[in-house]
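Across the two complexes that follow, chain A remains constant while its partner is chain B and subsequently chain C.
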Partner chain A sequence: MAEAAVRYLRDGRLEGEHAPALSVSGSLQCCPLAARAMLHVTAALASQAASGKSQARGLVIVAFDRSPEVYLDFMRRRGLDPNTFNRCVRILDCYSDPIGWKQKIQSQQHQESSVEPCSMDKENVTIFRSVKDVDKLMCSIIDLGRGFEGEGKIYFTIAIESISSMLKHASVSSISGLLSNLRSHDQTSSIFWLIHSDLHEPKFSRAFECLSTMVASVEPAVVDSVYEEEIPGNMSFLEKNYSNAKFYVRLKRRNGRVKHLYEELCVEGNDVKFISSPSVSAEVNQNLLPKVGLYISSSI
Partner chain B sequence: MAAAGASGGQTIGRSSFSRVAVSTAASSSTSAGVKLGPNGATFVSSGIPDLDRILGGGFLLGSVVMVMEDSDAPHHLLLLRSFMAQGVVHKQPLLFAGPMKEPRLFLGTLPAPVASSKEDGRQRVMGAGTSSDGRTSDEALRIAWQYKKYFGEDKTSHAEHKDNKQEFSNDFDLRKPLERHLLSSQNIECISTQDGDTLGELQDRCSTFLSKHLRKDGGNLIAGRIAIQSLCAPQCGYFEKDWDMVSFIRSLKAMVRSSNAVAVITFPNAILSSSFCKRWQHLADTLLSIKAIPDEDKDLAKLLTGYQDMVGFLHVHKVAQTNSQVPVILEASTFSLKLRKRRSLVLERLNQAPVDGSAGPSHAASASCSSSSQGSQLDF
Partner chain C sequence: MEEYGGGNLLSEAMGSGPRVVVVEDCVEAPAAFVLHLLLKRALAGGGAVALLALAQPFSHYDRVLRKMGCNLSLHRKNGRLHFFDLQAFPGGPKGGAISDAFFRLYGDIQRVVDANRIAEHAGQFTVMIDDVSLLEVAAHGSVDDVLDFLHYCVTLTSEMNCSLVVLIHEDIYSSEGVGLLLHLRYIADLVIRAAPLSTGLAIDVHGQVSSFPLLVALANIITRIGVLHL
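For the complex of A and B:
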């Protein structure tokens, strides 16, 4: 359940443990829906931080896939006013100019840096121009996190969108190192990221799942059983898969047991809804059950 | 003639052959924590008495033990911690390598040995005979298919064996950390595998560790322990160098074989490509794997007794054997991990309820088939 995932991240880390980490993974067939689910979780955590219900004082968004205005827009429509947004959210903008080319071009042409593309107030948006340098990225994230106001120990949550875009610029081991260092940093309350699992070798996707304590996978609602993918040209499939998806959550509990949860994800306009569907959870259990009956009959 | 067969306590049968009891008394040339076994084998304890028993004595000196991790459950850390804590308690040299910035901090999580008490002794004798909440009256009706629970555990006088066992292996209290003064010893070394692009440094450290502490000349037999956590973790710089990792394991195996040491390596096998995973599995002398257990699963709860207390499964794929052509074949290879009184780790055989209660003779088959079917379905 998405609410369970948000609560788990909101509660943050315990003393002496690493911060909890959620990995949202989606396949290409439903990647806009996975991104929407990610946005939903981001907005939920921002509002939790704003209302003081979470361990974290603020949220740092490392945005590779979207421009910062998208976040402001989404959260404003969710009811988070801009002032609270500025207080509780900091965005590290790796989308506008990730490797510093725009800056180079502008300085080469000796143009005055005219009005920046994003004309919104930039006090909580920091443009990051060297995404290939993972150490520098980590320092920037931590600096932003330390900038939140408050008394006592300040915790912050980190959202990374998305790991797939980061992998264009840096290696798997450096990004895994970044994630594990962020998790073990003592001011991180929780961390979550989006990854498009189809775009990478299976072992790399599994590596990132390994680093997380909760895995949420978004799968297409309707899959053709014969071809195992959408029949091209069949509009009804496309339509269904663009607005509905299955949301599986695997939560790794502290005692080593794994909790499986399932919901259906519906996108209507700007809203993302999660509908719990208990009937399908039996399906999950079926796969885990050892098929004892089969063996006994064959051994007699 | 019939009664003479039971001298070793190992066979309940009626043969005239008697198994020579393995001497567990420490001889003058061995130190605490090392046990001699048949075929010139020397064992050190894994830190988990149940696992020592399952493996036929413990971890063989000169072998490489590999543990396949499950990304969903951290139980490989329990095995590693028990192994390391046992070495510290016996003052054996220890080298720890882990994919974190500060591997020394991991030493702070090692458990302390349990202060032995009579109650523990009694618990051990009862073993898995009673279910955790003692509902023996319910169990009485279904005892027929659970008969294996009542045999097989040490039936010989437990008191005398307990003292010897305490010397060789300890029960660890996972809630209590090991005393600090034990950890500041000179012969505990740590190295981080997260820094650096190659395994060369780790290989050099292992070779200096082995040559410094452990020589096979005369004198006391000091056993050493090497513990490597998550050798192919994604945050290590050499993560994508598959062949380098395989040649590191091969050279470590050679180094360990010619010294008095045991190496325990855990690795998340899901991260390796399947062909390399096969190579790693083949390189291991003893191969174990951990499997996570789903929570609040009603169907599993019906099928497995004691499901509520289980935290995971341990599967034994391969057991090291030395100086012998006879392979070790275990009666059961899947065990459930439980935390007794939430503090010490026990391994129990799985007791799986029969699907069809009326099938009589197939229960024996089902008890062993269940472990293999568990294996195949749960992807061991």
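For the complex of A and C:
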């Protein structure tokens, strides 16, 4: 339930608790759809922040996989006007020059280079050039979050796209530490991230799932056990998987129960749509408290 | 097949304007011909090309494209083809870091792309790499350095009206580990795969090519599969 996930993140944290965290995972079979689901959640939270309906005053997007222009275009199409976008969204651009090559080239040339990432002209986009330095990354995220205006305590939401790109530059332990520190920061309302599960060993993907309080998996709509080359021309399952997927959500509640939700995800034009399937969704009672048995025996 | 026209499937797939094209092949069905077709297509369309060649010297491409009716020597002389002979890559001072060599290479590519962009009547610029598997070997197996370099090439596609075409040999990668191949499939807008026919060899058909257009930014997803006969 995408809307349930958005509401969960929108409501933010309770006093004394860590911020809720959503992990969105997908694989190559349906990777465009996992990325679109992430965009959908990002845009929805930006709208909520803009309209004052969320605990967070703004959204900090840590962009590794896409140019900031992609987010700007998507949110514009979703109806978020540029002024509102500038007020409620900050993008930490880790895509354009992640390890500082372009800046180094520019300084070597000693001249105003025409090769400037378009993000340099945007007031709400900050280029980050040291993606290997996780501590510096964390400070930059927090600084951007503190920059939102408002009265009282300012909360902000953080979106990271994607953890898989971060893992190219930093270790699992350092990124885990970053996510934990961000969750525990007293101004973080909520945090969510995208991870491509087949780019890592399963234990690493599970490690990041353990850091989250909600896991959303985007899985192929059709699974064909026959490798596609053996049936040339019969690519209907591929076509189906590029436009449809299954969206599974596992939400850990405060009472220890885990709620399982399911929706179908499909592409509609430039947007993505979620279709509920109430007959499939189920609630799983998992009491995390240990059961204690009390036996009384009498020797009389 | 329209041998010099690029085939209907290829033209159709490229017509949607993919920014990052990954061409996959194997020993049984080499796909160097796809690069040759795309190279000819890029130059015929009035654009410019930076060809990063690790597999063959310039004379090889010149000979092959000449048979296809394209004079690479002339394009090189006119500044529309920038040929990077990388057979000795990384080269440079002994003991130098691989990342420094990739940084210098990226700087050279950015310079030619930038020069093309500010030139009059500048057309589409294509960066072509033949091939990424050899680039990984030249980097002594450092996938991270190769991925950093490729990422910067990809940023050119979003900032400079550029496209990136890379060739990779899919059969040298194990299906169990996560390697360069999987990373490339993630960043590709279009995957063109050459494979042998399931029915085996035939007299007049050498293999088949299929294309898998993936998400192109936020554009509509197009899925068409076809067979290109040689």
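By definition in this document, the second predicted complex is superposed on the first by the 262 of 300 C-alpha atoms of A that agree within 3 Å, B and C clash if a C-alpha of one lies under 4 Å from a C-alpha of the other, contacts with A are read in each partner's own complex, and residues count from 1 in each chain.
One rule holds in what follows: a contact is a pair of C-beta atoms (placed from the backbone, for glycine too) under 8 Å apart; a residue touches a chain by one contact, two chains touch by 3 or more.
Everything numeric in this text was worked out from a predicted model, so none of it was measured.
Which partner does A:Ser130 contact after superposing on A: first (chain B), second (chain C), both, neither?
In the superposition, A:Ser130 contacts neither chain B nor chain C.
So in the superposed three-chain picture, is A:Ser276 touching just chain B, just chain C, both, or none of them (first/second/both/neither)?
neither
Answer with first, second, both or neither: which of chain B and chain C does A:Arg206 touch in the superposed model?
first
Would you sort A:Asp73 into first (chain B), second (chain C), both or neither based on which partner it touches?
Second partner only, chain C.
A:Asn255 contacts which: chain B (first), chain C (second), both, neither?
A:Asn255 sits against chain B, while chain C stays out of touch.
Now for A:Val172: first (chain B), second (chain C), both, or neither, which partner does it touch?
A:Val172 contacts chain B only, not chain C.
In the overlaid three-chain picture, which partner chain does A:Thr84 touch, first (chain B) or second (chain C), both, or neither?
neither
May I ask you to decide whether A:Ile99 touches chain B, chain C, both, or neither, giving the answer as first, second, both or neither?
Once the two structures are laid over each other on A, A:Ile99 reaches chain C alone.
Quick check on the complex: what are the chain B residues that touch chain A?
So the residues of chain B in touch with chain A come to 71-75, 99-101, 194, 233-240, 268, 270-273, 292-300, 303, 311-312, 337, 352, 354-356, 359, 362, 365-366, 369-370, 372-374, 376-378.
In their shared complex, at which residues does chain A touch chain B?
That would be residues 171-173, 176-177, 179-181, 184, 203-204, 206-211, 250, 252-253, 255-260, 285, 288-296, 299-300 of chain A.
Touching chain A in the complex: which residues of chain C?
103, 106-107, 110, 113-114, 117-118, 144, 147-148, 151-152, 155, 158-160, 178, 182-183, 185-186, 195, 197-198, 208, 210, 212, 214-215, 217-221, 223, 225, 227
Would you pull the chain A residues touching chain C in the complex into a rising list?
Touching chain C: residues 28, 31-32, 35-36, 67, 69-70, 73-74, 77, 95-99, 101-102, 104-105, 108, 113-115, 117-118, 168-169, 196, 198-201, 229-230, 232-233, 235, 238-239, 242-243, 267, 269-270 of chain A.
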